[in-house]
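You will see two complexes here that share subunit A, one where it goes with subunit B and one where it goes with subunit C.
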Partner chain A sequence: MKIINIIIALMIPGVLAAQPSGDEILDRIDENMSSETRHVISKMVIHGTRATRTIESETWSVGNEKAYTEYLAPAREKGTKMLKLEDQLWIYSPGTDRTIRISGHMLRQSVMGSDLSYEDMMDDPELRDKYDAVVTGSEEINGAGCWVVEMHANAPDVAYQLRKVWVDKVRYLPLKEELYAKSGTLLKKTELFDIRKVGNRWYPRKIVFKDMLKKGGGTEFIVEEIEFNVEVPEHLLSKAALR
Partner chain B sequence: MLSIKLAIKNLLGAGLRTFLNVFILSVAFVVIIMQNGFIQGWNKQAKVDVVEWQYGEGQYWHENYDPYDPFSFQDAHTAIPERLNTARQEGTVAPILVTQATVYPEGRLKSIVLKGIDPRQKTISIPTDKLVREGEDVPAILGSRMAMNIKANVGDYLLVRWRDANGMFDAKELKITGLFRTDVPAVDLGQVWIALEELQQMTGLDNEATLIVIKDQSHAEMDLAGWEFQDLDELLYDMNQMIKSKSVGNAIMYLILLALALLAIFDTQVLSIFRRQKEIGTFIAMGMTRRQVIGVFTVEGTMHAVLSLIVGAIWGIPLLLQLKKTGLPMPEGYDQFGLPMGDSIIPAYSLGLVLVAVVIVTVTTAIVSYLPARKITKMNPNDAIRGKIQ
Partner chain C sequence: MLRFFIKGLIRDRQRSLLPIIVVTLGVMLTVLGHTWITGILGDVIDFNARFSTGHVKVMTSEYFENIDQMPNDLALLESEAFIAELQEKYPDMTWVERISFGGLIDAPDEEGETRAQGPAAGMALDLLSPESQEAERLNLQNILIKGTLPTSPDEVILSDEFASRLEVEPDDQVTLITTTMYGAMSITNFTVCGTIKFGVGALDRGGIIADISGIRYALDMEDATGEILGYFPGGEYPDEKAITLTENFNNKYADEEDRFSPVMVPLRDQNSLTGMIDIIGYMSGIIISIFMIAMAIVLWNAGLLGGLRRYGEMGLRLAIGEHKGHIYRSLLSESVVIGIVGSVIGTLIGLLFASLMSKGIDFSDMMEGSTMMMPGVYRTQITLESYYIGFFPGVLATVFGTALAGIGIYKRQTANLFKELQA
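Presenting the complex of A and B:
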């Protein structure tokens, strides 16, 4: 028994030495997840309290600043287009043939009845500058060993006081994330499933978003096709593309 | 006098035809009074209600505040002027802080406006005494429409999520300590009221407000930096415009009704002149001038209006009084449009209103009676007395 204890005691410093810092983990996540440009064909499955709806869309994006999405199905949503340019968001509805800018209280509305709000889509992803990340432990998620990283806001102008992320130790993917309010209330949860290799990076095929204050089974975001660092047609990233 | 005697004799002689004309005209007469009575009643009632529940005797707005633009709320707040401290203690001014938030009734997401108001205020009728904190729970009050929309009752907890002054999310449960019933949807629909200090603390906006409601004119038109005074004329401008447009719409309705009644009188006059040519010829042969004969026929036509006032009074006064007693019930859900309106509208009649209706009916009837009678001036009395068609 003593021998086992001695072995463990000898191993602990080695384990601690292998534990990356919170900032290192965030850098590795960025490296894996972000790309200059991206083209995605996806499905959004919204599990409401009464029914489930599936919405298909195609998105072209440049970094985190610019994105153009066109809804492909169902027929009711087909032709609806959304354009994000920096901190502005427009939506075009073919039914009314109108383009409206989503701002103010409209940003708080849910996107197509999902668990995502427009302001979630506008959320500033620059976590490194505004949060202090600390590794608080190690847990297993869906059989994968994960670092538990707690990010505490160090600036007042961020959306969430605390973000808790479970990062895959091998693939450096955030397999689960929880977002907390100032009061400590859990507001949102995101989980990543079906991780696959896309080129030289790991990427989830399914992401489940859940607004924890809202009833319903959450919203699944299923990636059908994804391409990184593709050429994004210039004309798609202007308001003219909406009509 | 002769004209009047002749007119009454002829009208009574015409029997059913006169009765129908008079009755239709009396309907127009009563409807004019009734519709204008409802508009006046609603106007009066709505103004009293909005002053009592929402506007007070005027409001100071933060220079960025626009009640119709929720985008303006996040930048529309500043420190409450110290000059109003005594009035705040007395409750004669009510500072209100306005912010956007989201509530989750039964797990559904709903955008709301969260308003903080001083529980000690005596400026508007919102029962803010129910916002005094007695334990751990943050008390909140709602209007009955809002409570119905989110299916909330006194004693329920309501989960609310908001962003503080810096944009950080926070969430908390509020305990509903009271519901209030008001005819002013602008302080009810889509709103939750909590104590001003609670909201200031929750948003990090200590001692700040978006607007200040005043109870009396002694606090009006003060020069407060960063605040703009809105007097009642400005605050009621939209409502006055709405009532004005409603009055025009109603006028079209009763003018159509009046036109139908007048058309019937016009026809009657044309027919009378055509059928009573011998009589016209006889009048002229007996020495009456053409103008006097026109006068007889015009008076006869106008007598329809006089009779209609009598008939209208007989059936209209009990009806109008009964409506004043019971009011006109408004359809359910009408108040969801945001108009200040009670469950029923009580009409307000005034002497001026009745006189205007009398003048409109009498003058227009006189005009339509005179127009066909002008033909008499062109008649040849010899041919007329022979009954030869002219």
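Presenting the complex of A and C:
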């Protein structure tokens, strides 16, 4: 018995050493999910309470600060454009030929009726600046071993006070994430599926978002095509590109 | 005998004047109070029926549960076929579609950039069909301040206060930013065709009225509607009929398992109007009771005073052999005449004042901060009940007061009468 205890005592420091810190995990996630520039053609399948709608779009982005999205289908949304320049967001509606800046409470509105809000789109993915990350355990998600990381907000201007992330121990992708309000209410849930190797990084082909306060069946974000570190046409990242 | 009483009352004015004045005042106040309260409550109910509740309203069960949020994602689908079915099943009633919506009205500058913006609460109704009576129902033509009513789906009317705040005039373009039925952001241009004054604080702050076809396009609600309002013929809200119709409809259509099944709700169960409708039902009884008690007490006292003044007369009549019961009955007969005269005069004066106040008194300035759907102008309403509500209580209170006061007659001792008269 003493021998077993000694073996366990010798093993524990080794186990602790293998467990990365919360910040290290976040850095590894960024290596997978972030890039200097990106071009994505995607499909959003929105499972509403009454109907399922599919919205197609093309997005060009530079880092996390600048992004230009043009909606391609359906006909009602075709030609609608969205531009994010740092902390500002504009939407252009071809039917009205108006460019509206999304601010204030409008940021809480749903993007095209999906489970994502404009606020989610504006959310700075550089989580390390606003959250203190702690690894709280280890669990299995869809057969993959995951670190359970809890991120507590250290800044007052964040949409979610607590984020709980299940990070794949091998591929360092957040396979599941739960976003909580200050009251402890679960607000949103995200799950990643169909993870494939894109260049030298792992990237999900499908992300399922679920706004827990909405009654629909969630929103599937399906990546049709993705290119990293491509040249983004300069003219797309200005308000002039919207009209 | 009756002529004798009437002559006595006319010749001895002290015997009749005060009771008649008291009865007249009481009956007049009763009639006026009744017409005023009937008018106010009736106006509130009528206003709610026209603007918001209908006499009955059909919507999905979950829409009804969340009605304050204007949840158009829970709207009734295939509304055209459904309304045709309602018209076939209930041909006497008028059925209309309405969509309530919220959003932002954005007024652009010359460059198309936002110049002014404000939150709006809107109502979409059929303003373009030739057979539609919605404009008349909402009295839109009469509350129009500037411009015209919409003549195309891309025109809207703004409340005059809202238009002034946004600095927009008829023919200016505004953009409605709202949410579609599917939850997506919707941006739609409209031309302001006119401005109106609702006379309701909550609506005047940010009200918009538009044709339902234009709003259907903006909210992506093709062949869908938030609410279907039903109106009984005649315009008055018949509470019992509405309850019966609601029970029949819900037995047939409502399904607890299906949150999108249609449910019908009568006016009384909307906008917290239940209490108000019940008050109208009890009001006549309440007013009559208060009047009867107050008047009987006053007239009892008047009778006692009259009894003291006529102490000698009563004593003499008893002394010459008139029965106590006969004297008592003669006093009651006098009181019937007084009651009838006072009630007739009181009813006439009450109706005169009520008709003078029937054009209404404008309280809208006092209700600027109100968020309730209440009309700003209140008026008296003369109904058939107004003609008799004060009459019978007026007569009964007089008789009752006299009956109480006259009990003293029976306490007089015949043996002492001459002593009393000598004194």
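Everything below uses one rule, namely that the second predicted complex is superposed on the first by the 230 of 243 C-alpha atoms of A that agree within 3 Å, B and C clash if a C-alpha of one lies under 4 Å from a C-alpha of the other, contacts with A are read in each partner's own complex, and residues count from 1 in each chain.
Definition applied: a contact is a pair of C-beta atoms (placed from the backbone, for glycine too) under 8 Å apart; a residue touches a chain by one contact, two chains touch by 3 or more.
Predicted, not measured: the structure shown is a model, and the values here were computed from it.
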{"item": "Three-chain arrangement built on subunit A, subunit B and subunit C clash or fit", "value": "clash"}
{"item": "Which of subunit B and subunit C A:109 touches, first, second, both or neither", "value": "both"}
{"item": "Contacts of A:46 with subunit B and subunit C, given as first, second, both or neither", "value": "second"}
{"item": "Touching partner for A:77 - first (subunit B), second (subunit C), both, neither", "value": "second"}
{"item": "First (subunit B), second (subunit C), both or neither touched by A:98", "value": "second"}
{"item": "Contacts of A:69 with subunit B and subunit C, given as first, second, both or neither", "value": "neither"}
{"item": "Stretch of subunit B penetrating subunit C in the combined three-chain arrangement, among 81-89, 189-197, 333-341 or 369-377", "value": "333-341"}
{"item": "Subunit C-contacting residues of subunit A that also contact subunit B", "value": "49, 109-110, 214"}
{"item": "Residues of subunit C defined as touching subunit A within the complex", "value": "73-74, 77, 104, 106, 108, 112-114, 175, 177, 179-185, 187-189, 220, 260"}
{"item": "In the complex with subunit B, residue positions of subunit A that touch it", "value": "49, 103-105, 108-110, 153, 156-161, 179, 181-183, 185, 187, 211, 213-216"}
{"item": "Subunit B to subunit A touching residues, read off their complex", "value": "69-71, 73, 100, 102, 104, 106-109, 111, 159, 161, 163-164, 166-172"}
{"item": "Touch list for subunit A against partner subunit C, complex", "value": "46, 48-51, 53, 76-77, 91, 93, 95-101, 106, 109-114, 214"}
